[in-house]
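Structures incoming, each one as structure tokens.
Each of the two complexes below includes subunit A, the first together with subunit B, the second together with subunit C.
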Partner chain A sequence: MGKIVLTRVDSRLIHGQVMTKWVNQVQANKIVIVSDELANDEFMKSIYLLSAPAGITVDCLTAADAVKSYKDDVFGEGRILLLLPSLQVLETIFNAGVKVDSVQVGGLGGGPSRKVVFQNITLDDADAKVCEDLSAQGVSIVFQTIPEDAPQDVATILKKYRG
Partner chain B sequence: MSTLGIAICMGLYYWIARLRFGYTISSALLQPTTIAVFVGLITGQMALSMEIGAALQLVYLGVTSTPGGNVPNDPALAGTIAIPLGVMSGMTPELAVALAVPFGVIGVFVDQLRRTTNAFWVHMADKYAEEANIAGIMRCAYLFPALMGFVIRFPFVFVIDYFGADWANALINALPDVLLHSFEVMGGILPALGFALTIMVIGKKELIPFFFLGYFAVAYLQIPVMGMAIFGLIIAIVMRMIVFPDTTNVSIFADKTAVEEEAEKQHILSKADVTKSFWLYYFGCEESNSYERLQSLVFCASMAPALKKLYPNKEDLSDALKRHLVFFNTEGTLGGIIQGISLAMEEEKAIEGKIPGSAITSIKTGLMGPIAGMGDGIVWAVVMPVIFGIFIPFAAEGNPIGGIMPLILWPGVTIIIQYFITHYGYKLGRESITGILQSGMMQSIIYAANILGLIMMGALSSSYITITTPLAFTMAAGNTIELQSILDGVIPNVLPLVAVFAIYFYMQKKGPRYNRILLAIIVISFICAALGIL
Partner chain C sequence: MSESNAEILLLTHGGWGMSLVKGIEMLLGKVDFVHEIPLEPSYTLPEYMQMVKEHAEAMTPDSLILTDLIGGTTSNVAAVVGNQTGIKVFCGLNAPMLLEACVELQNDGALDFDAVLAAGQGACMDVVAAVRSTMAQKA
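On to the complex of A and B.
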């Protein structure tokens, strides 16, 4: 049985903030990425698997496989950093049974209908709704890019989004 | 130079350094020992200026690595204010550090203002891309952020440096001794925060013994920092050979067939075109960085001249420009490989027309994360603090070499890496990245870099954190026993080590909340100084 030590939503998936800050902060030794796109792209997937430093393994799973692997034995062994590219993926796997109790939103890239809410995190209406729905089901959602910053709670961020 | 002249020079310096024009050149200009060389030149007091610069550099050594550009503290604002004011009013280095700390915190907000306003230029560039107006995109990437930067940066430093000199003098004379002493205590402890932060970034608990190796090599054997760098490098290389025995002989160019295949390919871009893109990306890498799309603007601008050559048709050119304005961010030095690959793919698309634009975008967005993870882990978490760290001893003795050498070495090393990796990426296209990763070379380099980094942080902590206790007990027989000499008899220089790991464990448990820890150190310093414990 694995232990999920951090669930992070970050559209850039693996990058500097994750590898030099969070992996060390939560002492994770396994990163599980849930992305259909990545899991089905052999070339890209191999790059993600190979880019991990010594002592850390990376897994790329489709949403369906992730749900199965979670139900089997919580992604196998180790201290797991669960990394999701979007709030939509979070919602999908949550509803399918991956009941995480706390989530960190660490980076969501910009786009035409998206609004900056905190540093390099943007939201759109669909994202805001996911935050609301999951909060209502008791999931604690915070917005935080690096451990040096104070985490922002979901209510503050949604107020900023609507404001 | 007059106070007015100095204030103008410092305001201009802060503006130019904070432009982030020149990826690693500007980051060198932001460091206190480099600022100290400049202050030494304009004030004519090189020795004192360098000593203050060294004290500040120790405090900020750990905040050099800033993945995603989110800085917890601004050493440049702290340095451009505390070093000239310290020199003009003849402060001790410790007192100058106390003066610097609040400005380091304020600087963060100034930078947030910059990155928020930068979003404006990327929106403007969207319109120019629609019209395939390359000159317009260039203005958005390089000129407008610079002009805006002047408004944001210059006045603040100018006003404080101009009016602050008299004020600083008056303050020093008015401060009670106990407060002056507490500032000294604080200046001694603060570097521990920087070192603890660096250990956090370098990470891996299993490698921490290498920190102790560096620490006690200095404490027991008095090995100078430069000597420790040499031994550290040897140890790191040997450890790499032991842990990664297979990778030491692997060459990234081992795949000869791939190289030969590539050599037969048709080319529109010349070597000079690739080099031009490399320089454009190097210089603008962080300048136009915005919260909304980070490096996308400069990436597009750096590709633009090459794209113009590849797509003579205005519509195709506009599409290509828009393609490179989408969200992008990576570590610039190793990120050169992504630029090289993008150029190769755009060229292939222009010649054969088979690659869809979305394939180029998805390679870029797919690679940017893993490359940033490796680049931040090697280049910023280790190479930079080690280069600045090994020259601190020179600065601490008042020697300008302590700032000049890092100013040459740090940009020099990173420019060479980025130049070669950009051309390598262009030459081999997509295959380049698998070539580098599959050999396991990167993993082994990260491992060796981490070991060297930890040994050096240990050596520097031992050399430059000064915490001693004046406590003494008088025994019944009239003998006085000094606590410090007892401690030194058991383990030499133990208090700094306790400080570093107390902060490290706090960070491990509660997160490296920089400003909260800073505040705690200020309070503890004051209490311990007042009670005569430190």
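On to the complex of A and C.
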């Protein structure tokens, strides 16, 4: 059985902030990326495998495989950093049974219908709804890019979004 | 003078590469074959990928992309673009690496890729320890 030590939503997936900060901060030794797109892109997948620091394994799973692997044995073994590209993927796997109890939103990119809510994190209406729905089901959602920043709670963020 | 149109493209977090270029220009004068696409915090991965792709499509195959950090978005994007275009990508950008590449383009008009990589790899040294060790050998 693995232990999920951090669930992070970050559209850049593995990148500088995750590698230099969060992996150490939460003492993860395995990163599980859930992305249908990436799981089917051998080259991109290899980039992530190559750039993982020594002692850190990286798995890329489709959403369906991730749900299965979670139900089997919580992604095998190790201290797991579960990395998701979007709140939609979070909602999909949560509803399919991946019942994480806390989530960090660390980076969601821009777009015409999106509004900046904290640093470089943006939301649109669909994202805001996911935050609301999951919060209502007891999931603790915070917004935080790096450990040095104070985490922002979801109520504050949603107020900002609607303000 | 430069014979080819080879170009050096820097990809760095926050755009520190252009500060490095200013430093290099103190030594070499103008190096206008060096360009940079800074990774700004607000860029999404697809946005940055698109910017780098568009720029790289206009680069000649004997050009070079230098990135700052393996595992960072700059290198991840460059790996994809390099794989598609055939343009070489080196990570771990530092002053001696860029200096070597600029000297080669200024003098020969072409890059010696092995030499550029070696210049970057050999750049780090414990200076005082190295000096002391040299002194001890002489004594």
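Note that in this section the second predicted complex is superposed on the first by the 163 of 163 C-alpha atoms of A that agree within 3 Å, B and C clash if a C-alpha of one lies under 4 Å from a C-alpha of the other, contacts with A are read in each partner's own complex, and residues count from 1 in each chain.
In the analysis below, a residue touches a chain if its C-beta (ideal position, glycine included) is under 8 Å from a C-beta of that chain, and two chains touch if they have at least 3 such contacts.
All figures in this text were calculated on a predicted structure; none of them were measured in a lab.
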Subunit B and subunit C placed together on subunit A: clash or fit? clash
Name the contact category of A:H15: first (subunit B only), second (subunit C only), both, or neither.
both
For this session: In the overlay, answer first, second, both or neither for which of subunit B and subunit C A:F43 touches.
Result: both
The chain contacting more residues of subunit A, comparing subunit B with subunit C, is B
Going by the contact rule set out at the top, does A:G110 touch subunit B (first), subunit C (second), both, or neither? both
- Query: With the two structures laid over each other on chain A, which partner does A:Q119 touch: subunit B (first), subunit C (second), both, or neither?
  - Reply: both
- [ ] Pick one for A:F94: touches subunit B only (first), subunit C only (second), both, or neither.
- [x] neither
For A:S51, decide between first (touching subunit B), second (touching subunit C), both and neither. both
Contacts of subunit A common to subunit B and subunit C in the A-superposed view 11-16, 19, 43-44, 47-48, 50-53, 109-111, 119-120
So, in the complex, the side of subunit C touching subunit A is made of residues 13, 41-47, 69-73, 75-76, 79-80, 83
Touching subunit B in the complex, subunit A uses residues 11-21, 23-25, 27, 38, 41, 43-44, 46-48, 50-55, 107, 109-111, 116, 119-120, 122, 145-150
Note: in the complex, subunit A contacts subunit C through residues 11-16, 19, 43-44, 47-48, 50-53, 109-111, 119-120
Interface with subunit A, subunit B side, in the complex: residues 65, 67-68, 70, 72, 119, 200-201, 203-206, 243-244, 291-294, 327, 329-331, 362-363, 366-377, 380-381, 430, 433-434, 437-438, 442-444, 446-447, 507-508, 511-514
